[in-house]
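Sharing a structure below in structure tokens format, with a few things to ask.
Think of it as A, B and C in the order they're written, each chain with its own count starting at 1.
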Amino acid sequence: MTQTLAGRSAAGRASPGRARPGDSLLSRHQARAGALFAAPPMVLFLVFTVLPVIGALGLSFTSYDVLTPPTWAGLANYARLLKDATFALTLKNILLYCAMFVPAMIAVSLLLAVALNSRLPAMGVFRTVYYIPVVTSPVAAATVWTWMLNSHYGPVNEILGFLGIPGPAWVGDSSTAMLSIVLVTLWQGVGSNMLIYLAGLQNIPGHLYEAAALDGAGRWAAFAHITWPQLRTTTMFVTTLSLIGAFQLFDQAYVMTKGGPGNSTLTPVYQIYETGFNRLHMGYASAQAFTLFLVIVAVTVLNMRLNRSDET
Amino acid sequence: MIRTIRITLFYAVLTVVGLFMLLPFLWSLSTSLKPDDEIISLPITWLPGTITFEHYGAAFTTVPFARHFANSLLLAVAGVATNLLLGSLAGYAFARLPFRGSRVLFRLLLASMMVPSVVTLVPSFLIVKNFPLAGGNDLTGQGGFGLLNTYWAVILPGAVGAFAVFMMRQFFLALPRELGEAARVDGCPEFRIFWRIYLPLCRPALATLAVFTFVAGWNGFLWPLIVLNDPDMSTIQMSLAAFSFNRQTDYGPLMAGSIVAMLPTLLLFAFGQRYLTRGLAFTGSGLQ
Amino acid sequence: MHSTLVKRLAATALAVLSTITTGCASSDAPSSSAGGVVRLKFWGDWSGEGEQQFKTMTAAFNKTHPKIQVEYVVQEDMLTKFLTASTSGQAPDVMFWDRWRTASYAPKGVLTPIDDLLRKDGIERERFYGEALRELTHGGKLYGLPLTVDARALFYNKAHLKEAGVEPPRTWAELEQAAVKLTRREGGKLVRAGLSMDDTGLFSMYLRQAGGQMVSDDCSRTTFNGPQGLQVLDLWSRLIKAGVYQSGFEKGLGEGTDAFATGKVSMILTGPWKITTYQKYGKDLDFGIVPPPTGPQGGSASLMGGFGLVIPQAAKHKDAAWEFAKWWAAEKDNALLWARTSLNIPGNVQAAQDPFFSGDPFWKPILDTLQYAKIRPACAGYAPMEEESLIPNLQLLMEGKTTAQQALAKAQEQGDRVLTENNQ
């Protein structure tokens, strides 16, 4: 996975995975330095992140209500999962969400980043404006968006009506509620990924574009042959994180639709939260969480494999 | 001529998209300035009939808003400092200095992000509570309250996020390998190569990471709530939650508070985004 | 390498698990009864104005009880905080408690039964609303005292009713007629709904008006899929067919643009917590309240809810906590002070009969409704069943994506499973 993820460095050199430790004196020296560099952060990481994960994994094999000590339950939680039609539905919902959200997120954030990477004046103002949704109060965002998308009084449908398109009921209809959440989460998250892409764009050496311009390459050609390939590691980062984040969608579904209508926006983490903290079945919630974990791992690995074969 | 039209069109599109991005913010702003009886209305009124600052006063007096603001600032700044330093150290090691077990560790790092934090909450709490030799605990972590009710309970678990390490690793990977090679042959210590050659080139990534970790720390709600007991240690998000109880929401003060709460992040952003300007960071010099 | 890492991780995992399993009895908190004064920790999740209301009460108590000093601590997400704190044996002395949660917490042994205390102090149960006590009872034991009671009633827009020439409805038939008359459409588009039908969770209330029951008495299975359930859904279907409502009409109008406050719906079944909101924000809103309409056979029903005070089993000063709870909830004057401060009907019946409420045109109908309002079935599986199985299927019915029979059958099938799984 590391090799796949690392891909090649921008200059097309060997990936770190290929530099085996012990190859030479120099690399052994480097390995020692690497271990030294990584030690303090990794100790914190193991204690405060990995240990709780292992603890939760352990809990998934117990019956645990948080209030009283857990009792060993073996595979009972996982057996219960097999019959849980609601949880299966949440997995289906979230796959649909990811399929809509992740590609749209990559496309829009990259487009905005490339546009705002221009040297024209006032770009900083626009970047700040586009970042504002990230820091806008979620309550305000949910309030305004659910109103904007209201079937009868919302401006979105008014504009659509003006264009002769009958607008749907958006969050009020089980067939469009998830799409509405995709739109709102895109709106809210695109600023962050735009920022990552902007940072990635700064690392592309300017001379590459100068050379391309001398060869008479147009804007599109420059994007396709320089920008996009040079952003490989950035895109891998944005895609992976968007996937991981999208699979754990909770807040917006909780605030905007409460999982409805008709359970159409019920997500796995929503259900896990309900199960663990409202219904006091933390053991079962943990089993649900690790099932979701396996799905995320599978999709992430698949995504990495696909991206690699794409360009080899 | 054609260029002028294209540029005008470009700005027009940017402005339309910008307005769209700003709508909820504008609504918050307008709500925070309206008297109560104007707040609920349909269709939404974008301009207050009468402008009042009473909600800003209420936001600061109903809860110890200033105190909570300062607490959040402390926690968010600590998060930025630790994540930038530790995240880039680990990210650099994973990208450029492979060591025994580094691949396993990195996979573990990635995997840890895929477990919903809802289920790790209780185990995390127990680790903080049973942290050895803190808060009256003995070596086995028994007997006291560990790190509970100290800022460390928030700072240490958030000191280095998988996100920070992953992001920095990706950016170091994108930098050419040969940058450090010459220095290495000259016998330059690894830390100097990292600190003097690679890290400065990552300024755009560091600025981005700073903004992200600040936002994450600033928006922290559930975790600080659980590990901090003293009301004087509360964070700004807890203040904001105070305007909504028993199925009623006090929109005026809530929105006034939200607007004030946005300011630090926006200031940081406006400052940090200067590092994302072409030509400032990486002009391509020294690469030929 | 791999195996050592795995081994090490496994060891630490065991350590974590063992700290959980041993329950890690924590050391006593720094002495909180120095100088003969007991310091009580009182947790609640009401903040802002709510916090001030609580502080009015603690100040009044502290003044008359120099030996007990209560401190109110706001916990924004009180239950999560209580859950995590419980893992290490920490708990407040008193908690402000959303009563319906008693069914899931009492069986875990984390709340203190108060029957003996009640008897010892000679406090008759008749002082409180019986249903509210029932909601605080589990397995024959009482776990707290009720502080507030609420019941859903029909809120109506006076101007709309006058203009349509209808009286506030008292029966389903009148409700149906009024709703149809009150509805306004422009060019086929709904612009004003006669009756809000957004909250499909009100099914339980309609069902009891029709004489039905949500779950069996022992809470082991659902019982709404029957002739009474169909009667409710028939009424709803007729209203939808007559164009009174459309799914999604109020979406986004719930918060800053409340549909009733802004005159987009003429009637809504909701609770007294809305009275303050409507008075505060509804600039041009002139509204009235009547008890909910009665069912086809004249059945009256409403849903009761509200808050109480409980004493956690891990509380350090249970006796002092009881003094405080008793002073607040059982003594009429204090219950009334609280009620008037917070604008909530008190769980204390005598206090509730004060003219402050019974003489007020907004509160009187709620008081009348409280005479017969019933709590949700008191079992842990009920709320999950409603949320996960019943409401989603009813929402699909409202969208016209399923029929009444199908909706009920499916809700029953899923609901029975969710009910039993969560009752454990």
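Following the convention adopted for this analysis, contacts are C-beta pairs under 8 Å (C-beta built on N, C-alpha and C of every residue); 3 or more make two chains touch, one makes a residue touch a chain.
A quick note: this is a predicted structure, and the numbers were derived from the prediction, not measured.
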Spelling it out: a chain qualifies if it touches chain B and also touches chain C; which chains qualify?
A
Select, from A-B and A-C, the pair of chains that is joined by more C-beta pairs in contact.
A-B
Chain whose Cα centroid lies at the greatest distance from that of chain A
C
Per the C-alpha means, the centres of chain A and chain C lie apart by a whole-Å value of 36
Could you give the separation in Å between the centres of chain A and chain B, each centre being the mean of its C-alpha atoms?
16
Multi-chain contacts in chain C: which residues touch at least two other chains?
16, 20, 80, 83-84, 87, 253, 255-257, 264
Where in chain B do residues touch at least two different other chains?
27, 31, 42, 44, 100, 121-123, 126-127, 244, 249
For chain A, jot down the residues that touch at least 2 other chains.
50-52, 54-55, 59, 66, 139, 143, 145, 147-148, 153, 277
Complex contact set, residues of chain B against chain C
27, 31, 36-42, 44, 62-63, 100-101, 104, 121-123, 125-127, 129-130, 136, 141-145, 221-222, 225-226, 229, 231, 238, 241-251, 253
For chain C, which residues are in contact with chain B within the complex?
1-2, 5, 16, 19-20, 24, 26-27, 45-52, 73-77, 80-81, 83-84, 87-88, 253, 255-259, 261-264, 271, 273-274, 276-277, 280-283
Per the touch rule, the chain A residues reaching chain C in their complex are 50-52, 54-55, 57-59, 64-70, 80, 83, 85-86, 139, 142-143, 145-154, 169-174, 259-263, 266, 274, 277-281
In the complex, the residues of chain A that touch chain B are 1-2, 5-7, 9-11, 13-14, 16-17, 19, 21, 26, 29-35, 37-38, 40-42, 44-45, 47-56, 59-60, 66, 112, 115-120, 122-124, 126-137, 139-141, 143-145, 147-148, 153, 187, 191-192, 195-196, 198-208, 230, 232-234, 236-237, 240-241, 244, 247-248, 250, 268-269, 272-273, 276-277, 282, 285-286, 289-290, 292-293, 296-297, 300
Can you check the complex and tell me which residues of chain C touch chain A?
9-10, 12-14, 16-17, 20-23, 79-80, 83-84, 86-87, 104-105, 108-110, 189-191, 246-249, 251-257, 264, 380, 383-384, 387-388, 391-393, 395-396, 398-399, 401, 414, 417-418, 421-422
